[in-house]
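The same subunit A turns up in both complexes below, where it pairs with subunit B and then with subunit C.
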Partner chain A sequence: MRYTDFTVHDILLLLQGAGVSVALFAATTAIGLMIGLTWAVLRYYRTPVLAPFFAAMAELLKNSPVLVQLFLVFFGLPVLLETDITPVQAAVITLSGNTAAFIYVIAVSAIESIGREQLETARVFGLSRWQILRKVVAPQAAAFGLGPLTGLLVNQLQVTSLISVIGVLDLTKVGAILNLRTLKPFIVWTVVGLLYYLMAKLIATTCARLETRLRAHSQWKGL
Partner chain B sequence: MIEIEGVGKSFGQTKVLDGVNLRVAPGEVVSILGASGSGKSTLIRCINGLEKLDNGSISIDGFRVDDPKQLQQARRCSGTVFQLFHLYPHMTALQNITLAPVEVLKVPRREAEDAARELLASVGLSERAEAYPAQLSGGQRQRVGICRALAMKPRYLLLDEVTSALDPEMTAEVLDILAKLAAAGTTMLFVTHEIDFARQISSRIVFLEQGRLLADLPTAEFFAADGGLAHPRIAQFLSKMKKDH
Partner chain C sequence: MTFDPTLLAPYLPDLAAGARLTALACALALAGGLALGVIVALLRASAAPLTRRLADIYVDIFRNVPFIVQLFFLFYGLPELGIELNAFSTGVLALSLAGGAFTSDVIRSGILAIDPGVIEAAQVSGLSRRVIYQKIVLPIALRTSVRPLGSVFVNLILTSSILSAITLNELTGAAKIVAADTFAPFEVYALLLVAYVTLTYLVSLTAGALHRRLNRERALGAN
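So, the complex of A and B:
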């Protein structure tokens, strides 16, 4: 067997890389959702100081390249704080923040899509701002925001490939390693690309199903 | 008692309400007539606290609408039905009706649902409890809107042109229900363009013109030649509405 041949172990290596990509994607999506939605709720309550502060923060995060943010966190933060930071930590911090910024934007526009008259009606019936958010705004905003959210998540999955440059062993990094060993870039990158495609497709399908369920109320079922 | 005293409201340069005084006692049905833009809807929005007053005061059973601390209690006394229904589109008819009783009055869900089903039955919609607003006709939506207001057991029912978005047949559906409510002694403040109907059910009729009350008369007197009709603007309005019919 020649050194440059593919082996069965390469499949395991690829799956391992895919696992790292998925885990990072899932973790940063969960954290990003929590942070982004919290910022949006602060804005809904027109919280002084905090709401404008996080709006500016989201503005900064979504208008600068993720790779630059990653370098800032991985190389810059340790110098500033005089600590060590692992590639995985840097990746989680950067991607979570970036996802949060875009989720904030989606959540804000979703909340604002709810007609003023509905909010007024709920107020007239004596519902508190929190009750209105939970019962009237959130269910409809979720249905409204899921489309843009799907686009964002599919994109964020691809963005995880950037973390390979700071040495995280994700799918792209595994691809790079296999490519260097086998010197068959066309095959290696096709397989890696297909794996990303499958994962993205899975995200999109899941979201589409969920959206259909959330929009059940607007489906015409006849009088 | 709904007490409206010297209420004024402007949007920019436009005076929408100008020194309006009005009292509605329990058991009365008071219709508000007037051309579009005369301030009728704004008056309703002032009573349920959706607009800040520029002058004057409004209180419902002693609770001041213009005092933020009393607004919540004032709102509990009245129920509003809107011209464009304003049902929550993501909730079924039943959920639309039970939302406020469960969340605000803390009625147990079961109890609230039973009450809502009874209300739906009383307006002939028992079969449509699980339907979403998008699956209902305009008349059905407005009947759900009326049930939603009644579910809060309001002492006063505020009706803001509740049939203006409906065709004649659906209008009849809704007016039928309002006539029953009036006969049952429900207190209503009724903004409308349905003059004949207002004449049938109202104890009093109020006429608004450019934000001012031109007349506030018992129904018979309002339509009498030496009463409301003696006022040229009212006579003109009524004859115009008749012609449109």
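So, the complex of A and C:
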């Protein structure tokens, strides 16, 4: 016999799943941020071979479905390299790479948004390329990039739902299991959707608050 | 480590059939999403507070809940309501609903970008509201939105890969079967990645060409 009621305990199960989603989202965002920014810095220094290679890589990751990337890593890589890979490892690799590609694009356009005359002025003052990046480019680019970054993060949180397909017990997977057990799709998927919605709103408000702070220094304060 | 793409040759017809299904689903969803997006954008730009609010809520929900959750909600939920749709129709419906939310955002910004002088001139000329929307607002808004609509369509194609999760054998679903048959998942999914990149590249090229064609006289500065 199966237990078909949707109980308070199931909410706890869903929250557990949400915890897995959030943890993977946070980890892959952090890794993706580091990789994507590294690619952008390589481009800033116009590194030969590496810069065009990662630009092409970002293009490839941006223009193919995350689900296919996930399958390539989870089913394809182990066969090619003759190793084992767990669903969580596959999820971390894929989501980090995908996030990195989008971070790269945002970082590049943020860096390019800074006027040439500022860079020239800084060079005339004798700053090195690294000092220019640190003191002139980075602070402004960070404020500029935060808007698009917010949209990206909200989107990447939703993308984490795809890892349920390869068996990671995230919020969507727990939802799928409860859906089969309770046979109450309306309740289950509404609660799952609501949890994702709340998390997305939390990300959006946090980023908006951060953006106000980052932009504060560039605001005109009067003479 | 072996990599032998020739293994896939006998399965190319299967993959082509999958690609046709993907193209069909995306084309239908584009039409559905565009129609829905135009209606919702007009509602959001209208003066009636209630309909505007409802349209805003629709866009907010569909933008902040993962597509796979929306898909499962419809796939498992609709039969509960006595609406029996096959996987293909459910997929097209879900893609259209999600596409409509993104399309409405694009078209709304197209509407908001119209020079108010143009609309005032039309009002002064005694044109009715309906005629102003039909002959002036929508044509201009659609014409300037071709490129962003292209990227919405690219996203739609990438998102359509998720339809494989509801047993639909579109491109990704077909590839899953081929991967299981050939025991060559890396080759299959690498090819699939390239196929999607090519497909989306063609779409963005077409959107770019269409954009230039429709906005020719504006580019010349005739205005």
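Here is the rule we go by: the second predicted complex is superposed on the first by the 214 of 223 C-alpha atoms of A that agree within 3 Å, B and C clash if a C-alpha of one lies under 4 Å from a C-alpha of the other, contacts with A are read in each partner's own complex, and residues count from 1 in each chain.
Definition applied: a residue touches a chain if its C-beta (ideal position, glycine included) is under 8 Å from a C-beta of that chain, and two chains touch if they have at least 3 such contacts.
This is a predicted model, so every value here is computed, not measured.
S.K.: According to the stated criteria, A:77 is in contact with first (subunit B), second (subunit C), both, or neither; which is it?
M.R.: Touch partner of A:77: subunit C, not subunit B.
S.K.: Would you check which partner chain A:117 touches, where first means subunit B only, second means subunit C only, and both and neither mean what they say?
M.R.: first
S.K.: What is the contact status of A:139 with respect to subunit B (first) and subunit C (second): first, second, both, or neither?
M.R.: First partner only.
S.K.: Looking at subunit A, does subunit C or subunit B touch more of its residues?
M.R.: More residues of subunit A are touched by C.
S.K.: Should A:86 be classified as contacting the first partner (subunit B), the second (subunit C), both, or neither?
M.R.: Neither partner.
S.K.: Just to be sure I read the superposition right, which of the two partners does A:126 touch: subunit B = first, subunit C = second, or both, or neither?
M.R.: first
S.K.: For A:161, using the defined touch cut-off, is the partner it touches subunit B, subunit C, both, or neither? Pick first, second, both or neither.
M.R.: A:161 sits against subunit C, while subunit B stays out of touch.
S.K.: May I ask you to decide whether A:212 touches subunit B, subunit C, both, or neither, giving the answer as first, second, both or neither?
M.R.: It touches nothing on subunit B or subunit C.
S.K.: In the complex, go through subunit A and note every residue touching subunit C.
M.R.: Those residues of subunit A that touch subunit C are 59-60, 63-69, 71-72, 75-77, 79-82, 154, 158-162, 164-165, 172, 175-176, 179, 185-186, 189-190, 192-193, 196-197, 200-201.
S.K.: Which of the residues in subunit C come into contact with subunit A in the complex?
M.R.: Subunit C residues touching subunit A: 1-3, 61, 63-70, 72-73, 76-77, 80, 154, 158-159, 161-162, 164-165, 172, 175-176, 179, 183-190, 192-193, 196-197, 200-201.
S.K.: For a test of understanding, state which residues of subunit B touch subunit A in their complex under the given definition.
M.R.: Touch residues, subunit B against subunit A: 48-50, 72, 75-76, 80, 82, 84, 86, 88-92, 99-100, 103-104, 131-137, 148, 152.
S.K.: Give every residue of subunit A touching subunit B within the complex, in rising order.
M.R.: 117-118, 120-127, 131, 135-136, 139-140, 143, 216-223
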